[in-house]
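Shown next, in structure tokens, is the structure this report addresses.
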Amino acid sequence: MWTLAAEFQFSWLWVAEVLVGVALYAMLAASLNLVTGFGGMFSLGHHGFFAVGAYAAGWMASLAASVEPGSAAGWAVFAASAVFAVAASAAAGLLVGLPCLRLRGDYLAIATLAFGEIVRIVIQNTPALGGSLELNVPRLVMRPRGLAEVESFRELFLVVGVAALAVVLVVIRNIVRSAHGRAVVSVREDEIASELLGVPTTRYKVRAFVLGAAFAGLAGWYYAHYTGSIAPANFDMLVGIKILLIVVLGGLGSLTGTVLAAAVLVGLERLLQSGVFGEDLKRWMQVEYALILILVMLLRPHGLLGRFELGDLFRRRARGGRAA
Amino acid sequence: MLVVEDLVVAYGAVVALHGVSLEAKQGEIVTLIGANGAGKSTTLRAVSGMVAPRRGSVRLDGREVGGVPAHRLVRRGLAHVPEGRRIFTGLSVRENLELGAYTVRGRAEVAARLERVLALFPRLAERIAQSGGTLSGGEQQMLAIGRAMMARPRLLLLDEPSLGLAPLLVREIFREIARINREEGTTILLVEQNAHLALSTAHRGYVLETGRVALADAAPALLESPRVRAAYLGAT
Amino acid sequence: MSPRLRLLLQALPALALGYVVVRMLVGDVGGGTTLLDYLSIGVTQGAIYAFVALGYTMVYGIIRLINFAHGEFFMAGAFAGYFVLRDAGIERWALPQPWPVLLAYLAALLAAALVAGTLALVAEAACYRPIRKAGRVAALLTAVGLSLLLQNLARQWPAIGPTQRPWPAPRMWAAADEVPSPADAHYYELKTFTSPTGERVEREKPVVFKGATMTPAVRQRLAAEGGRNVFRKGELSRTVVDRSIVLMLAAAAVGLWFLVQRTRTGKAMRAVSEDMAAARLMGVNVDRVIAATFFLGAFLAGLGGVAYCAKYGQVDPLTGFMPGLKAFIAAVLGGIGSIPGAVVGGLFLGVSENLFAAEVSTEWKDVLAFVLLVVVLLLKPTGLMGRPYREKV
């Protein structure tokens, strides 16, 4: 997002920025975890829904460019663009999900990857969305001028981000614990058996997929309004891979693990970027990032927590069981 | 030829064999019988190197082979026909057989063995160019055994050769097994659900129960044993 | 569909392809704007996709892994070829033209293939083998990580660096007395000097310009140095490059087919791909067969890397990304796991992309590949040449 001069590093300003990034990626990864971790559908194109949400919100905001930031109208458009972003990416999710969920395993992964790339190329070739250049997203709730205002802007978005993340997590948790959720998990465990038990697997898979897409759209809305300008390059395959990496690192099906992994990964990335480990490590950051990815996969292929939630771990510890 | 002592095998936390000991002497047919999950297949898998034993020893011709990977044991004269036959359905019958002689260098030698195996199973000769997947169940079993024989094993492990076959075919397969033992002198370790058939073909037998050897005796004696008759031969 | 109709449907594109290839081999096509030109451009590009797709398909066929780092093997091969062409000095050998250039390219191709293949062997042993049992998601992410690692290592490595480099033009070396007077082209000599940072740098210095006459002093100095010490810059002819690429693909496809169908290793590969455990029971060293598959796939990708960069005239650390992605799509289009499928998919994608660019729009060309991918996946998930769908247990 924004890069800062060295003197601001590790100030509250910097920390707030990092936390906003954590909230954003936790949201994205939690939404993908609903699809992959709970639903067992392997998606490599989640960044496509993220992009749809961001561009839907950005486009709506650009229509309201003349609205005074912070006014009631500004807040109204801000909220309306959230609804629009979620609706647009949910629609995209339905559009992709209905035909593609007949595919299995790798084939689904490939199809979703193609979807993510198609979204990016379509945006690149649509002048109304800024083409391959940036789409400016007008400020609706606050236009930060000067350092103090940037700080309060980030605080505001931190609050918004944490609230949005909380909504996403609570909704997903409730779904997973509901009958519907258990159906989704049963689909993951054994599709044929659940069909035999009368669980309409396709319908549940599509629902999980659409909901995951919708939440990714919400993250897109958040991102668009926070950065104030979006470009197709912000939504390339690497973003999709980063989201998937957080999900795997946090453990398929573990929500607390997802949040933890998002914090670890985003935090690590920003620390490397900040140069706190020295200029050499900063220069080689991309290499280190890739190395970490490989090492994590080799050493903890089932994630930091596996399928467990943080709470489960403490409970298991208390009973003297093995953690993983 | 084969000596297994105190073999313990576990899949993760589940222990499948709790110290199995058995022996097969040169030229014998030895059968392992027992209920589902008694550890018969696991024993074969540990002998052929498909799973590494957690404890105990497997000796082939006096040399320890426990934990030696499966592909090296083929060169030491061991062939394993796994459960479910596992023939290569996308490959032709000829290619399946040639793969059986994968460890053999020299075209002439492979050709000679191919001729020999086709003489054992003339039905495979008729199907030589067909892909393995088009064969009937009985033919697939013959192919699986023939494929193993291409390696000229001195010890042949057979896992459930009767699985899913019609009774008539089962008898034919077992005649061939006995013939291989007689004419080629191959030592055979046979795992079989059909205890009656297995004990009538074998020289000696072991009864496995929940991962342990419950009984061991000459095959005719086991056929007469009241315990075996009650549990495995369906006699009252 | 009746078998006769199906045969016709298969024969027609094959005939069309054959016609285009024959025209490419006997005449100069590809430079104009006729349908035939676009078709031939598509065939060349498709042949490069096919080179890379073969590796994807072989690795997927044997361990069901989408090897995302395959495009980086391609890039590594391209750079190996680049350094051989630039620094090995083969073009300077005292042989009649075009032998020095031809040999330099052969050496570059060989180096590219070997470097890419070796890299794949290392990657397989260090990353893919340990992760094989941990499941598909972990393996896939490892592949992605490896791809990122190689890309960024290349960007950071001083000898390569992040910038795009022009592909070296062939140099036709001559002795000073062989240069006609007036000269038929610009002639240069190579000067080495030490840069302020202590590196040895080679620079091209003009000796005589086209149409001019070499000064006697220069001629004397060069003659005293002896040997072939001046060169003029050649150009890779488009038709020669295109023809070589198509012929190379044909040779590679036939060679690969022979290897897989007829040799012992090939049979072992097919056996491992079908049933790893059963192959092990036949005495097949599965690890070695998988390593061989990686090597072979990367070997072909290395050849493709040199072909691609020679065709498009540049190379950089991200060179492998787009061709890698497209080749992957080509592999899926043809039916991932199928070797003829990779060739068919590559050619199909190359031709349709270029026809689309010519007839519809260049900007939307890239989206076509992905849309084709989704359509084929939905209609026939196992691809144009794929076997019927079968879940592996």
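Chains: A, B and C, in written order; residue numbering restarts at 1 for each.
One rule holds for everything that comes next: a contact is a pair of C-beta atoms (placed from the backbone, for glycine too) under 8 Å apart; a residue touches a chain by one contact, two chains touch by 3 or more.
Bear in mind that the values here come from a model prediction, so they are computed numbers and not experimental data.
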Contact graph of the chains (line, ring, star, complete, other): line
Chain whose mean Cα position lies farthest from subunit A: B
Where subunit A and subunit C are represented by their mean Cα positions, the distance between them in whole Å: 36
Centre-to-centre distance between subunit C and subunit B (centres being mean Cα positions), rounded to whole Å: 48
Subunit A and subunit B: spacing of chain centres that average the CA atoms, whole Å: 53
Partner subunit B, residues of subunit C touching it in the complex: 264, 267-268, 270-271, 274-275, 277-286, 387
Touching residues (chain side subunit C, partner subunit A) in the complex: 64, 66, 127, 130-131, 134-142, 144-146, 148-149, 151-153, 155-156, 325, 329, 332, 336, 363-364, 366-367, 370-371, 373-374, 377-378, 381, 391
Parts of subunit B lying in touch with subunit C, wherever the complex brings them together: 48, 50, 69-72, 74-75, 79-80, 82, 86-91, 95, 98-100, 102-103, 147-148, 151
Of all residues in subunit A, those that touch subunit C in their complex: 36, 42, 99-100, 102-107, 109-111, 114-115, 117-118, 121-122, 124-125, 238, 241, 244-245, 248, 252, 283-284, 286-287, 289-291, 293-294, 297-298, 301-302
